[in-house]
Amino acid sequence: MKRTSALRVAALAACAAFLYSIASPAADSVKIGILWPLTGNAAAAGQASKAAAELAAEIVNHAHPELGDLPLAKTAGLPNMGGATLELVFVDHQGNPSLAQQLATRLITQDKVNVLLGAYQSSCSFTATAVAERYGVPFMVGESAALNITGRGFRWVFRGTPIASDYARTYMRFFTDMRKSGTTIGSIAIVNENTDYGTSVADAIVAEAKKADISVAIRIPYSASSSDVSAQVLQLKEKKPDVVIFISYTADSILYMKTMRNLDYRPAMVIGDDTGFSDPSFIPAVADIAQGAMNRSAWAIGKPGSTTYRINEMYKAKTGRDLDDTSARNMQSFFALADALNRAGSTDPEKMRAALAQTDLKPEQLMMGYQGVKFDSTGQNVLAATYLIQLHGSRYELVWPDRAATAKLQWPMKGWTR
Amino acid sequence: MRYGAVTLWAALLAYPLVLYNQFYWDIGVGLLLAAITASAWNIVGGYAGQVSVGHAMFFGIGAYAPLLVYHLWKLPPVAGVPLAIGLSLALAVIIGVPTLRLKGHYFSMATIAIAELIRIFVGTWDLVGAAIGLQGPAVGRGWWDLTFRSEIPYYYIFLGVLAVLLSVTAVVERGRFGYYLRAIKAGERAARSLGVPVQQTKLKALMLSAAFTSVAGSLYAIKTGFIDPESGFGILVSVQMVIVAALGGAGTRLGPLVGALVLVPAQTAINTWFGGGGTGLTYILYGGIILVLARFEPGGLHELWHRAAPLLRRRARAA
Amino acid sequence: MLLEASEVSMAFGSFAAVSGASLAVEEGEIVGLIGPNGAGKSTFFNCLAGDMQPTSGRIVFAGVDLTRTSPETHALAGIGRTFQVPATFEDMTLLDNVMVGAFLRYPQPEQAREHARRILGLTGLGGYAGQRARSLGTPGRKRLEIARVLATRPRLMLLDEALAGLTPTELQQAVALVREIHASGVTLVIVEHIMEVIMTLTKRVLVFNQGHVIASGAPESVVREEAVIEAYIGRGRRKRRQ
Amino acid sequence: MLLLQVIVGGLLLGAVYALFSSGLTLIWGMMNFINFAHGEFVMLGMYVALVVVTWIGGGPAAFGLGAAFALFVLGVVVYLSLIRHVVRGPMLAQILSTFGLALLLRYSAFWIFSANFVSLPQTSLSGTVNLAGILMPVAQLVAGVVAITLTVALHLLLARTALGSRLLAVAEDRNAAMLMGIRPDRMQALAWGLSAGAAGIAGALMAIAYPWSPSVGETFGLTAFVVVALGGFGSVPGALYAGLIIGLIQALSAYWLGPVYKDIVVYALFAALLWLRPQGLLGRA
């Protein structure tokens, strides 16, 4: 029996060695490691953001004078670093936090990336940013909403995208504007899916509503995978709030609109907290029954000839679909990161971190509706903001704030034609 | 067998020094964690034949307790490990006494339902961070926080725990308790007629298994520094334990370790080659492996080896 | 008085499998339970072994009341039993099978192993200790089951058709083994259909029919009783529909 | 008034639960075997409906039958290639076999159809009906009614027809059935076909009313377990009553306790059932 067990160990070692022969690192340039869910439940968003990041890298790496003063658009590559091009290394964490941690480690130690971007799900951002903090590698959070990703006293973590409290404040500013112009808003209702995204945004809205003394008639958490939502709609029908805010993913958003039509329930206004309402499949599915539904988006395609319009055309050519708000916010964080890399002038982590900390992009340098990109001591972009858009016909029109509006707000919403 | 086991342990000890690279250390740690979790499941699932598909309930408790003591009282996470073991033992008794009366499919289904019940409940419980989950200290306040920059300390801690678990399994295997477990798996009615106290033995096995599964959960939480309902109590956590143990050979001492040695690197390789490409191949691979395993060799690699060994020896002698 | 079962009844819903059966066994006896299929022998047998809890009646073994206790308690008290269809642990070796029984009396593995080896030798299976039970034929499995029960050092052994389905030579060897076990001081209650075995082995016989004990006594006299013949051959009465 | 609406909605959905759960209970009663991939069969039924509608442009009848037939074939193939060999193996192999199948089907669907939620384009069944103040979407109404009729039909097939008695004979005692010239393998393959077919139609019916993605199979699988446990293992009528009850309980607990708790209530009921009455309402012990 002795010899065969040695044989067994040798066979195992051989097969393990074969599996370990993973790709070796590529040629040097500024490498950005990007962690997104390319499979699993959030694969659609991951893929869309991946295409957006690839497009952004193309824009930076090649000269695009027609894109106005978008940072690094006119030039090819990073001028302060001898035209070094950006090289993207994508990894798929499948929404699994421990895999995200493992892949973040791999990007830093194996692929020797200079900076990290990512993680979409808050759970994965938590673990990946912890790795970046331990290794001292700048990490730009492109999308995750959970508040305390940047609240843990980290030096190396930055977040370009607005967080839950920004959205909540935007809604409250909108409601106070509406009240000033005479519209009665007695109470609002919040319907949120019960994972980290929905919970953190709903919590923020409840807190901000208290400050803006707007009463919350009811808050209804639900599980996104539930097949039937009539119970929630009937609860809304009973409470009769003026405005209902939906913090939901794609399928549930569509289902809510259909169920509301089926149960003949139409509040004065419905606001979707992006995600579900911004999904490209939302409008075709419910355009005829959800006329006037509002949504928040920091991204507006804008008028033909504008920088945003051209970017959207380039994205459509690449993917066949319009750029959605989630991928656009990731793209904006990518540009802010590229701009900081250029200003740092070197791939030394401490220099890159300092450059990121001093970032101060003006609204006209952005493709998004932020008031700018400027990071506070916790790494959160304090100038992040968002527009409110409304479904007119089969397109979202920018209706608030008035200074950027391209169409008039319809209040109350029409919903479905009688 | 002695000679084989010694070389295997020597290889595991030397592994991080031979493959001196962060990435392989991380695979190593992942591999050990999978081996610990599967070996813990193996005590009740493999030896006693009580196929629990809800062991994530113990893994989750093990993972949540350390981060909870840190979250609430700023204690080092490792202080939560005894609490986790206690809670897991209590849960094992509470759900064990009624469900261990059930047989085969009923038992598996009851464990699935209970694990799902706990996952959804934890997801709505604010004290434990509801859906957002809990985070551990990202940067350690001292060595006691066990937040190491490199993976090597984790690797050897995990290896130590695996060694303890496998030696406990060895003691169990050789003693009356182990024989009684295998008798229960082979035929409960016959075992009872020989005086085997079936219910108490199954419960003891479940408690021992729950304690070690909870420790595995704590190790995961302390290393990852994050836990949420899905990664703690999700059904894929339970399924992974069963696959790793079954692939290696459920009901054998080194089966789960062998299963982890094959499955974890294969999974990482798939993630690396196809990960970026965005196809869920890993789980298609998992499904395929289990199907083939169940269809052709439920005994796993261990059984295959037993069948192949005589042939190899004969061919070796003939050559 | 080693075993005293009084007025034992077992009903499955409305169907009374056994009603009012009594049996008293002295230390060192060999008692036979006979009767046509479905007469309630096995049900009564299972009640004695603790596998089934009788709906009424009492079972006292060596002064201890075992009514409605678990099979484990019965085994611990000293009642061993075999199964009509052998329930050996297929994937375990013969030695391991017997060790499970041995562990009841010898908690330490070494002693249990040594005891198991001795029992295997005694029952003529010594040479196959390392084989898996799966590799044995029916006679081998029956012999292994007997060995396994012997390892628990029972004072009373219940054999459920342990000698059925054997070739003549295997039957002789099995009868010899049973005699040996009895000689070593174990009291036996056996359920059998083979009259020759009943005649040669048992001193006293109970005859079951439709759940009742219809006769008891020495095998020779009982076989001639009117009621017993009627039970086996029947007088044209159709078997009551299930 | 609103309460009535909730009850009706719950019953309609419960009817569809009953349909696909009757498929699961048929297998369970017959082979004492749990198909952990049953939820995935429902999910595949939805995608077959989608393929039929988008490629062939068929109406509800077309994609309903299409889903039923496709899943029937899949059920038979799964039985012949996998279940037949595994059912005599150890318990671990039985449980792992359909678990592996579930993972394989779910993540292949991910690969082929991507992870996005999809829904059937507007079929002739959209719109709502107002019956005495209760607003019923036509899609859910049709789904519920068809589901009930099919479940009853399945029951009648088993209870009243010769084929049904042969199926039940094999369930009762496989060897005895063989002695009477019934071919158990063919009967069990047929049972798996019927079971998967019922799941397929249920999937197609659900697809009319609700959007779905490859991951919905898991929730349907667990729901089917609960319905079968409540209705009794192997009892199709039991599955019908239990399906309606579970649909009702889900709707009411979502309305009163809040939607997050409807799953908790159902799983808690399930756990309690397994302890108190493992054989369920009408099933055999």
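Chains: A, B, C and D, in written order; residue numbering restarts at 1 for each.
Please note the rule applied: a contact is a pair of C-beta atoms (placed from the backbone, for glycine too) under 8 Å apart; a residue touches a chain by one contact, two chains touch by 3 or more.
Computed from a predicted structure; not experimentally measured.
Participant: In terms of CA centres, which chain lies closest to the overall middle?
Facilitator: B
Participant: More C-beta pairs touching across which pair, A-B or A-D?
Facilitator: Most C-beta pairs in contact, of the two: A-B.
Participant: So which chain is the furthest away from subunit A, centre to centre on CA atoms?
Facilitator: C
Participant: How big is the gap, in whole Å, between where the Cα atoms of subunit A centre and where those of subunit D centre?
Facilitator: 37
Participant: Where the CA atoms of subunit C average out and where those of subunit D average out, how many Å apart are those spots?
Facilitator: Inter-chain centre distance comes to 47 Å.
Participant: Roughly how many whole angstrom separate the Cα centroids of subunit A and subunit C?
Facilitator: Each chain's C-alpha centroid was found; their separation is 74 Å.
Participant: At least two other chains touched by the same residue of subunit C: list those residues.
Facilitator: Residues of subunit C never touch two or more of the other chains.
Participant: In subunit A, what residues contact two or more other chains?
Facilitator: Correct list: 39-40, 43, 194, 221, 223.
Participant: Spell out, as numbers or ranges, the residues of subunit D touching 2 or more other chains.
Facilitator: Residues 110, 260, 263 of subunit D each touch two or more of the other chains.
Participant: Which chains touch, pair by pair?
Facilitator: A-B, A-D, B-C, B-D
Participant: Under the stated contact criterion, what part of subunit C meets subunit B in this complex?
Facilitator: Subunit C residues touching subunit B: 49, 51, 70-72, 75-76, 80-81, 83, 87-92, 96, 99-101, 103-104, 107, 109, 112, 148-149, 152.
Participant: Show me the residue ranges of subunit B that touch subunit D in the complex, using the header's touch definition.
Facilitator: 45, 49, 51, 53, 98-99, 102, 104-106, 108-110, 112-114, 116-117, 120-121, 123-124, 235, 239, 242-243, 246, 250, 279-281, 283-284, 286-295, 298
Participant: Which of the residues in subunit B end up touching subunit A in this complex?
Facilitator: Touching subunit A: residues 1-5, 7-8, 11, 19, 21-24, 26-27, 30, 120, 123-124, 130-133, 135, 138-139, 147, 149, 151, 220, 224-226, 228, 230-231, 258, 261-262, 265-266, 268-269, 271-272, 275-280, 282, 305, 309, 312-313, 316 of subunit B.
Participant: Looking at the complex, which residues from subunit A come into contact with subunit D?
Facilitator: 39-44, 194, 220-223, 225-232, 234-235, 237-238, 249-251, 254-255, 258, 261-264, 281, 285
Participant: Which residues of subunit B touch subunit C once you look at their complex with the stated criterion?
Facilitator: 174-176, 179-180, 182-183, 186-187, 189-198
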